[in-house]
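Below you'll find the structures, each written out as structure tokens.
Look at the two complexes coming up: subunit A is in both, with subunit B in one and subunit C in the other.
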Partner chain A sequence: MAHVELTDLSKTFGAFQALQDISLHIEKGEFCALLGPSGCGKSTLLRLIAGLEDVTSGEIRINGRDVTDMEPADRKIAMVFQSYALYPHMTVAENIAFSLEAAGMPKAPRLARAAEVAKTLQLDHLLNRRPALLSGGQRQRVAIGRALVRDPEVFLFDEPLSNLDAMLRVQMRMELSSLHHDLAATMIYVTHDQVEAMTMADRIVVMDQGRIRQIGAPMALYAHPADRFVAAFIGSPSMNFLPGTITGTGAQLTLDLGRAAKPFTLTPRGQSAAKGPADLGIRPEHATLTAPDATDATLPARIRLVERLGNQTLVHLETAAGPFTLQGPGDLPAKPGDQTALSFDPSRAHVFGPDGKAI
Partner chain B sequence: MSMALRPRRVRRGEYLVAAICVGMITIMIWPIVMSFLASIKPPDEASRPPPHYLPQSLSLENYRSILTYHAGLAVYVGNSLAVAGLTIVFCLVLSVPAGYGLARFDIPGKEVIFLILLASMMLPFQALLVPLYLLFSHIGLTASKLGLAILHTMLQLPFSIYLMRNSFEGIPKEMEEAAVVDGATSLFTLRRIFLPLVMPGMVTVALFAFITSWNEFLGALILMNDEKQFTVPIMMTGVSSGNFGSVNWGGLQASVIVSILPCLIIYLLLQRYYMTGLLSGAVK
Partner chain C sequence: MSRRSRNRWVGLVYTTPALAFVSVFVLWPLCHVLWLSLTSRSLLGGGEFIGFDNYTRAFADKSFWQALEFTLTYTAYITPILLVLNLALALLTAADTPLRRLTRTVIFLPVVIGLASSSLLWYWLFDQQVGLFNKLLVDLGILTEPMIWFRKAASAQVAVTISVVWKVVGFGMILMVAGIQAISNDIIEASRIDGASSFLRVRRIVIPLAMRSIVMATVISVIGSMLAFDQFYLMTKGGPRGQTFTSVYWVFQNGFARFELGYSSALSVILMVIITSATALQLWLSRKGSKA
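For the complex of A and B:
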């Protein structure tokens, strides 16, 4: 039995369909990321699970209990809000102990419990401070402490790191991962940042326009995106898409990328293909530069811009099939204006049909 | 950072702003200073033409005379304080829940209700006085502090509700939701989260209710027809009418100064609750 079970969830705001037919099983102890662009309904889904919004149709079960019509407080969940939502007139200790206070626990034990939680988050020296005097990272920790103190079945996070600067974000990412490891708790984590989802999640749910596009482990989504949207959303820099035509089907797929290019053959892995227009998807790290007359040269290209990042180089090229970004080693020999050619590894190439689905 | 460390150069624009402020403060303080100076003249000097700005001789005679005016200053101040106190209580008791409801609940037609509430501020209060007097005399609220306090509450309520609604709306929705997830009942949330956070708004409501009630004249004059029930503004008109139609300037100015004092004291006492940034650190 899954720990959190969502069955055919839908949510409308007036005439607007925010979520449609969401079905999802999350296992006990799993770190599940809801990933998608802004406005795709991630927060709405999390708020449905929390009970802050009423579902329009469908069912939510937590640990086997039907909680669809339950009050948030009875669902044994804890939520960390994007804005932290700390109580500004209370100290760190009082903030952390708030749920215990609401439950009627006397002052001494609840403050002792808050101090205990604060210790695990390295907040013990700040117990008597007000939120206004804390740094962003410390506020974030207090918000997490407020969730921890309740010892919930499921943790819900709504973009908890989006207000932090880049350095702190990397650090908090690791801390959240180790927190998840230590607690072995079920966590549902909303983010629009694919790096956060890739680095922390056991499983990623990619969403777009109120629907689930694909569910899978981070590397599975990276290696086998089900459609063009997922392919473009996962990975940075983003996948290149080259328009072409399927000219040969069967065991080997032949793709024509235009007159300047050589036909490209690969083994299909998705649905069966028909002849006709299709896009070739190549990740920047899965292409190499080669001489225009080399046997493995597929597509002639001209270098427009070279960005050296030290450990890697980003090369922006122009081809007859459109712009292309390539990622190579830091010392990749390339300079703007060079005539060159692109070579693709067929085993790591993707083909997407006219409907966007992977072939 | 480096900007702040460098010695700050005062620009010409800042002098201009300062000059405007000083000018405005002078205009506002001037009458009070004049009142004060007149109030410490002996009574006949205060009324003698042509008036002098500075007193030629000092005397507390004016203050002594209002102290024992008819029922005595203490009675009138006591009446005013009682009415103002009741007005504050009524305004808070009504405007806090009203503001909470208007800000936080999906009440059908609440914007219309709110507009009507605000529109009542546009009606001149004098136009309502006669019907109100008739109504109050029917239900026995004339010549009572309670009646006058209700009248003052009516005057002050639309503004109070407007202010409390704004205060409640200033509290981020997520803070309330966090409390809901944490298992707080709505009453617990109101007491532990909302009320502390709208405290500056409540203080403002109380302050304005006090000032309105303390200074209100016409309603008090019409409702309070027993001399023992008079409030300070009515006493002041009594004090100012001297013998044979003359004006008792000294007594009037002394009572002006006395009537300013409570407003000033209350303002200074409550000022620290106006602290800005009470919400800072809550979100972001």
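For the complex of A and C:
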């Protein structure tokens, strides 16, 4: 039995369908990321699980209990809001202890418990401060402390790092990961940042327009995106898409990328293919530069711009099939204006049919 | 001209209309009253500078202090009634649903009626022979026969209080609704997840976070009650036996019934000092309270 079970969840706001037929099983102790562009319904799904929003249809079970119609407080969940939602007029200690106060615990023990939690989050010296006097990272920690003190079955996070600066975000990412490791608790984590999802999650649920597009472990999604949307959303810089035509099907797929290019052959992975238009998907790091007349040259290209980041180089190219971004080592020999050619590794190439599905 | 001094001039130009308004309608009358209070001016003109004579007379004027005592008593009982009703109505109608918006509008409607009109309206509603309020109470079995509300000071005050509460309760309610609505939804939701009951949420989250507007509504209602006049002038005429004379009523009596403009100005100045100090005290107390 999964720890959190969502069955055929749908949610409408008036006539607007925010979520449609969401079914998802999350195992005990799993770190599950809900990933998708802004407005795709991630927060709504999290709020349904939290009980802050009523489901339109479907069922939510936590640890085997049907919680679909339960009050948030009775679901044994805790939530960290994007805005942190700390109580501004209460001290750090009172913020952390508030759920205990609501549960009727007397003042002395609940403040002692809050102090204990604060200590694990290195907040013990701030117990009597108000949130307004804390830094972003400290507020974040208080919000986590408020969740921890309830000892919940499931932790819910709604883009908790999006208000932090880049450096703090990296640090908090590691802290959340080690928190997950230490507590071995089930965590559901909403983000639109694929880096957060990739680095922290055991499993990623990619969402778009109120539907689940694909569920999988980070590297599985990266290596085998089910469709063009997932392929484009995961990975940075984003995957290149070159429009082409399937001219040969069967055990080997032949793809024609237009004039200038040589036909490209690869082994299909997904559904069966038909002849006709299709997109070739190549990740920036899965292409190499080669001489235009070399045998492995597939597509002639001209270098437009070279960005050197030290440990890697991003090369922006123009090809007859459209723009292309390539990622190579820091010392990659390349300069703007060079005529060159792209070579693709067929085992790491993706083909997407006209419906966007991987072939 | 340096940029800075230019900015200063531009700022002054922009605030001129407001400054002009305040000067003509606040500062000038204030100075005029201060000056009048030092004269023996009559409403018909004349009079001369008499220094602080009006003030020494006021301090010895038993009727004035009685009126002030009555005003303070009136303020002391109507303020908590309004505070509780304001808050209760605000809590009940703060959520933005069509029904609650409608309720809010209906409760707010009397605020836009003049106090004088509403006092007259209620005077008739309380009338012993034709008053609908009396009829209602009799029909409901609360009274056995229509009563004469304005014969006794106590029942007269009840009548005035009912009419004033009806007239002004919407104002404080709207201020508090604004304060409650300004609380971030996330915070309310966080408290739901933390398991707070409605009562705990109101006590520990909503009231503290809406405190500014609660204090503001209370201060405005205290000032309004200290300046009470229309309702008593129109409903009780200060009676029975002068038991419901308010301070402003006494100022009015001296200025416009006895024509002693200079003396009534001095009374106004004393009243102004008292109300200003009371307001300052309330704001100071509330600030101290929110820091603690």
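The rule we apply is simple: the second predicted complex is superposed on the first by the 359 of 359 C-alpha atoms of A that agree within 3 Å, B and C clash if a C-alpha of one lies under 4 Å from a C-alpha of the other, contacts with A are read in each partner's own complex, and residues count from 1 in each chain.
Heads up, the rule we're going with is that a contact is a pair of C-beta atoms (placed from the backbone, for glycine too) under 8 Å apart; a residue touches a chain by one contact, two chains touch by 3 or more.
Owing to the predicted nature of the structure, the values given are computational and were not obtained by experimental measurement.
Undergrad: Quick one: subunit B and subunit C on subunit A, clash or fit?
TA: Overlaying the two complexes on subunit A (C-alpha atoms) leaves subunit C and subunit B clashing.
Undergrad: Regarding the shared-chain residue A:146, is it in contact with subunit B (first), subunit C (second), both, or neither?
TA: After superposing on A, A:146 lies in contact with both subunit B and subunit C.
Undergrad: Looking at subunit A, does subunit C or subunit B touch more of its residues?
TA: For subunit A, the partner with the higher number of touched residues is B.
Undergrad: Does the superposition put A:198 against subunit B (first), subunit C (second), both, or neither?
TA: neither
Undergrad: Have a look at where A:163 lands relative to subunit B and subunit C in the superposition and call it first, second, both or neither.
TA: Only subunit B; A:163 stays clear of subunit C.
Undergrad: Regarding the shared-chain residue A:40, is it in contact with subunit B (first), subunit C (second), both, or neither?
TA: It touches nothing on subunit B or subunit C.
Undergrad: In the overlay, answer first, second, both or neither for which of subunit B and subunit C A:132 touches.
TA: first
Undergrad: Same subunit A residues contacting subunit B and subunit C, which ones?
TA: In subunit A, positions 50, 52, 71-73, 77-79, 81-83, 85-89, 98-99, 101-103, 146, 150 sit in both the subunit B and subunit C interfaces.
Undergrad: Subunit B touches which residues of subunit A in the complex?
TA: Per the touch definition, subunit A meets subunit B at residues 50-52, 71-73, 77-79, 81-89, 98-99, 101-103, 130-134, 136, 139, 146, 150, 163.
Undergrad: For a test of understanding, state which residues of subunit B touch subunit A in their complex under the given definition.
TA: For subunit B paired with subunit A, touching residues are 172, 174-175, 177-185, 188, 192-193, 196-197, 277-284.
Undergrad: Can you check the complex and tell me which residues of subunit A touch subunit C?
TA: Subunit A residues touching subunit C: 50, 52, 71-74, 77-79, 81-83, 85-89, 98-99, 101-103, 146, 150.
Undergrad: With touch defined as at the start, can you tell me which subunit C residues reach subunit A in the complex?
TA: Where subunit C meets subunit A, its residues are 184, 186-187, 189-197, 200, 204-205, 208-209, 290.
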